[in-house]
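Here the chain labels run A, B, C and D in written order, and each chain numbers its own residues starting at 1.
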Amino acid sequence: MEELQELFHRIEDLIPFNRYLGLHAESIDGDGAVVSLDMRDELIGNFQDGILHGGVISATLDVVGGMAAMVKAVLREGSIEESLQRLRPVSTLDLRIDYLRPGAGTRFTARGFTLRAGSRVAVTRMELHNENDELIAVGTGTYIYNYV
Amino acid sequence: MEELQELFHRIEDLIPFNRYLGLHAESIDGDGAVVSLDMRDELIGNFQDGILHGGVISATLDVVGGMAAMVKAVLREGSIEESLQRLRPVSTLDLRIDYLRPGAGTRFTARGFTLRAGSRVAVTRMELHNENDELIAVGTGTYIYNYV
Amino acid sequence: MEELQELFHRIEDLIPFNRYLGLHAESIDGDGAVVSLDMRDELIGNFQDGILHGGVISATLDVVGGMAAMVKAVLREGSIEESLQRLRPVSTLDLRIDYLRPGAGTRFTARGFTLRAGSRVAVTRMELHNENDELIAVGTGTYIYNYV
Amino acid sequence: MEELQELFHRIEDLIPFNRYLGLHAESIDGDGAVVSLDMRDELIGNFQDGILHGGVISATLDVVGGMAAMVKAVLREGSIEESLQRLRPVSTLDLRIDYLRPGAGTRFTARGFTLRAGSRVAVTRMELHNENDELIAVGTGTYIYNYV
């Protein structure tokens, strides 16, 4: 599992926009993925209230849902080495985000869970909480598996 | 209408994350809003293909949908001055994004149309094309009007 | 609470399409709502496999989400009598349904949970299981409260 | 094309729930599908206003989106005979419905358009109008192609 997390850290580092968001992979296993994100001025969406931009929220939930979908497929393949030879990163097919509360806080945690992972398509649910464990937003995503 | 566009340029400038994305308000009127966006390395989502990050797409469509919803309410108020005293920026309630094709291109144009604008809630549809007029993604958004 | 369930049974009986679906309100309280549904030939969507029609699934999840949203508002009002004088049935603003598995089974149970209930709008999540506790479909709904 | 419409009429007739809804395939071609539906007491969702049940609307939009997705795949196969040997009906993966106005009217028309049809998945948009050409609801659907 450590190997799996290292893999995801590496992938995260290679995606410029994830680096800009400051996404940090906290944990990833068969139950799903957890990503954290620190508030910064650049991520503000409402200059009066100083809250997280909705686009930062949707991007973060998209990423963590994709990671949850991806790990399901990696674990299915047997070994990480084999899966890396066959699997390319998942593509998001569609995404629904519900913004429940203003994105106020200093540190946010996003979780992704896989509801169903077929051979071609995965469906995930995602949640974003702030450091006070307030539920800021939820999402549902559909991802396509890409095999070489 | 010129006045309206100036207003939106000003609002755009004040939102740090929109500035980072490089969103530029092209036009805004009763029929909707148009925003453009130039490709940059920082906005890449897939390091192998050099395509736009899904989160950039969803953020852009969210912004242009919100602008379309906002302008409907502003025009309803009579004058921009009056509307500015009563109206605060809209909040996104929920968003669906469908990613139709990889976000390949150098310049992207996002359009938002209002399907329905009630007194409390607006529903919009959005589209993102690249410079070859290929449809990259579509979205549907629900926005809440916030009055002082 | 018994009074609340009676109220919902009555409302269910008055809606012809719910009666046709055969929706039966199992329980309803501050945590959400549960509705059951028996398989019948009339509800079949795929003549070869004999599974539930997707439209029956989306209608059922819509109803149970609306019931969960409604009960939050009723409980907020103090007494059921008072709430009946002020509150009209909620309207569905939008709905997302994810079909995870074919709707095979003889008896289905739909649950609705309210994620957030504001003064004007509520957001709910819904789930449909069959009698073997297999998750058939999930949904997310946004509902508007209508006050007289 | 006549042959294609006959095929869809036959398929519609075989699905009990579509028959109950009273869905009638008006036209179907490479641009999409059109289905009509007459108001009946059994389809009422709100006993006070006599409007269409939200579940009838979502079911109808799901069906017409699936028909639009299906026809794209049939036309790709060369002949209808060949396609019938390889293609099974599409499955809905997910669906978003936005209810814009109360479903008042005596006759409703639903249209489905395919935004993108890949080898495995299609994305469609749908619209429901009443006999006065008022836009009642819109939807977006994702469908999976099933090959024998």
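A few comments on the model shown:
Following the convention adopted for this analysis, a contact is a pair of C-beta atoms (placed from the backbone, for glycine too) under 8 Å apart; a residue touches a chain by one contact, two chains touch by 3 or more.
Just so it is clear, the model here is predicted, and its values are computed rather than measured.
By number of C-beta pairs in contact, C-D leads over the other of B-C and C-D. For chain C, the chain whose average C-alpha position is most distant is B. Rounded to a whole number, the gap between the C-alpha centres of chain C and chain D is 23 angstrom.
A straight line joining the Cα centres of chain B and chain C is 33 Å long.
Counting partners per residue, chain D has 93-94, 96, 98, 123, 140, 142 as the residues that reach two or more other chains.
Viewed as a network of touching protein chains, the structure reduces to a complete graph with every chain in contact with every other.
The part of chain A that touches chain B in the complex is made up of residues 14-18, 20-21, 41-47, 53-56, 58-60, 62-63, 89, 91-99, 102. Interface residues of chain B, counted against chain D in their complex, comprise 96, 98, 100-101, 115-116, 123, 125, 135, 138, 140, 142. On the side of chain A, the complex with chain D involves touching residues 93-94, 96, 120-121, 123, 140, 142, 144.
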